[in-house]
Amino acid sequence: MTDKLVLENASKSFESQPVLRDIDLKVGEHEVVCLIGSSGSGKSTLLKCVNLLIPIDEGSIWLDGLEISSPSVNPNIVREKMGIVFQAFNLFPHMNVIDNITLGPRKVHGVSVEEAEDRAKLLLDQFGLTDKMYDYPDRLSGGQQQRVAVIRALASEPELMLFDEITSALDPELVAEVLNVIRGLKQEGMTMLIATHEMGFARDVADRVCFLDGGLILEQGPPRDLFTNPTQPRTQQFLQRIVEAGRL
Amino acid sequence: MRTKFGLILFVVLALVAAACGGDDEGGDTGSGSCDFADLNLVEDGFLTIATSEPAFPPWIGVGDDNFDVPESKTGFEGDLVYKIANALGFTDDQVKWTRIGFIEAIAVGPKDYDFNVQQYSISAEREEVIDFSVPYYTTTQALVTLADSVYASASSVADLKGAKLGAQIGTTSLKFIEDVIQPDTQPNVYDDNTDVEAAMNAGQIEGLVVDLPTAYFVTAAQVDGSVIAGKFEAAAAAPDNYGLLFESGNSLKACVDAVIEDLRSDGTLDALVSQWLEQGGGINVISG
Amino acid sequence: MVQPATDPSVPGVGPGPGLFRPGRRTRIKEEGAKGALVAFVATVAFFGVVLTLVLTSDAWPDVQRQFFNWYHFKQAWPAVVSGFWLDVRMFLVAEVLILIISLVIAMIRALRGPAFFPLRMLAVTYIDLIRGIPIILLIVLLGFGVPALQLKGVPTSELFWGITALVISYSAYTAEVYRAGIESVHESQRMSARSIGLTQIQALRYVIVPQAIRNVIPALLNGFVSLQKDVALVFVLGVREGVREAEIYNASTFNFTGYVVAAILFLLVSVPVARFTDWYTDRDRRRKRAMST
């Protein structure tokens, strides 16, 4: 299996506070890797660094064998190969659903409106959101908004999808429909790096789980190994609390 | 709502101000006597004179070091008022100066000076709200243009129909433009002659109308490359008589009038004109 | 014997609706109507008292003669209206230019990255410098000063430079209004826009600025109302706009009614804009409240 994404010694500090420390991470093609850990452990920053929204201080990031963290690379071109969905405030509130989805392809690639809308309609249909096509985001439920955000990220036919706790801000009854979207993507073979609090979901879907703590990857491995036999004490502590809360 | 309330507030305040002001238009008229001790003054023991900010030659402050220094007693009006003051019994040290704008001074109401000297033309409309002394100087209106302007060779008022002119607000010069010249384009109106001259320098007006003595000063010192295109015949027929401006009903006026008449009959006024205002003749006359 | 209240629309003690006390909905309507009546009576009473005091005071005849004189109103009207029409044209032209230029400046300020530093610095310097200079000074400097240099190809018109000075001045303030709007848009919006491949300028143009403008429309309208008055300042350049015409009338008649004419005309344009601003702000607030429930 070739490596889709490689992070080598990646470090990032904000105002002399280290947030990521010597991150070494590989995500193979078609692999699904879940990042777990408490808030402030660096999951969100890691994803934003991969998407080049935040520049890393040290180390390097490679996509398909190309060093994308190099300053000579045009970040806009790299970003089209990836899709990222955030926890909230994804969609542009002043545009309807279909305009949200077609904005990227139209303005970045110069794709014609018809072509972009055709592809958007296809995706909306696939996700069961065709009837929301001309609605504005404020008319959609939180779950529908997140699903549209995923569609928008898929509009540029990315090779890698990044998810930053996309169900954390949702009402519980809306979480499942969004997680099912990710399951669907996995079936299609999408390479994914997912930060999540949903441990049950991580256990089902992940090929590998990484536990982040204080900006370091303390432990990583297949979910059945990490969840049942964590080797690091911090990992054990973390999982213990999750189990006590009834979330695993 | 705020703006409506503001308007109501403005009305209420204007009323309060008017009510508090009361019937003050007359001011303190004082007794009729012109003895030094009996003079009606805003500040006892001092003659408070107002003029423009700044004051200009040839009227006040002649000579590089004396520009805008009324205390130098130079200039036609500067010299004149000190002579009046002395005749009334004031020493030079007892003369105080204050400044006020041209049209602000003509407004209704009490003054904080004894009289104002600022090349005011005596007119019936102005005398409804203030009092003028007897005339101390008579002059006519003149046109100043740039030397290379087509209007520099104007010979009649009709030649000026197409001109873009300018004048100071509230002056007989402006009235002359509007009533007699009546150009096709409305003249620009400025706060004071300094701005009129700035506009000429900026090429925004083609001619300005001022009294003849000021025209000499403008062409000599204020606007490079300007000339006196001519003096107006029609204005000469109804010349400007300059008077000192007093608060309406001020008894001091009678005393000052008496002094001016004395200065006229003993030739002092003529001598002052020769000393400060006489320049070369041969000014072109613009008819019509 | 009366029945105790059983109808839930009538809280508290008392017989049911239709007997001795009207139903709750009717009572709410009545209280609304009563409130409106009270408001009306109170307004009439208050302003009635004020007006009576004003009109019967000793000073009123003098004030009316000086400020609210019908004869002088009619005399001053043509010139003041004609001058005011010039004010209207000036502020319409100026406002369009200001909205465009200040948006460009604000967008420049919003560009991130070291490559854009010189441009950002220019924008900040412009804003600081121009906001520090009183408008009247700018008008005189540009209106008299620049034409006096007699540079080739540079216009000398006092109207041109008056409007230019206003545009330069107001653009500095309005750029800050846009900047506040841009900064009020959630950072995630910028990241979402960049993450779908848009460049910085595209992100600003299609995602951030449209939202920013919606956020600051009341502030922009406020600036417009301010501009409507400040256009009068060009009178120092000799321009015969409304206030100057009123001044000219006053200078020849010593009556202030011309100024009242000018004041009324200015109110006629600014009050509707102020009302519209309030209506827009209310509608926006109501919409936001509805979305969050």
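Letters A, B and C name the chains as they come in the text, with residue numbers starting at 1 for each one.
In the analysis below, contacts are C-beta pairs under 8 Å (C-beta built on N, C-alpha and C of every residue); 3 or more make two chains touch, one makes a residue touch a chain.
This structure is a prediction, so every number in the text was calculated from the model and none was measured.
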>> After masking subunit C, report the chain groups that remain joined by touching.
In response: A | B
>> With centres defined from CA atoms, tell me which chain sits nearest the overall protein centre.
In response: C
> How many angstrom lie between the CA centroids of subunit B and subunit C, rounded to a whole number?
Replying inline: 41
> Between subunit A and subunit C, what's the gap in Å when you average each chain's C-alpha atoms?
Replying inline: 45
>> Can you compute the centre-to-centre distance for subunit A and subunit B, using the mean CA position of each chain? Integer Å is fine.
In response: 82
>> Give me the residue numbers in subunit A that touch at least two other chains, ranges are fine.
In response: none
> Any idea which subunit C residues touch subunit B in the complex?
Replying inline: 47, 50, 54, 57-60, 62-63, 66-67, 143-148, 150, 156-158, 236-240, 244, 247-248, 250-254, 263, 267, 270-271, 274
>> Which residues of subunit A touch subunit C once you look at their complex with the stated criterion?
In response: 48, 51, 53, 75-77, 79-80, 82-84, 86, 88-94, 103-104, 107-108, 138, 149, 152-153, 155-156
>> Which stretch or stretches of subunit C touch subunit A in the complex?
In response: 186, 188-189, 191-199, 202, 206-207, 210-211, 214, 291
> subunit C touches which residues of subunit B in the complex?
Replying inline: 2-4, 7-8, 11-12, 14-15, 18-19, 21-22, 103, 106-108, 125-126, 128-129, 166, 169-170, 174-175, 186, 188-191, 195-196, 198-199, 201-205
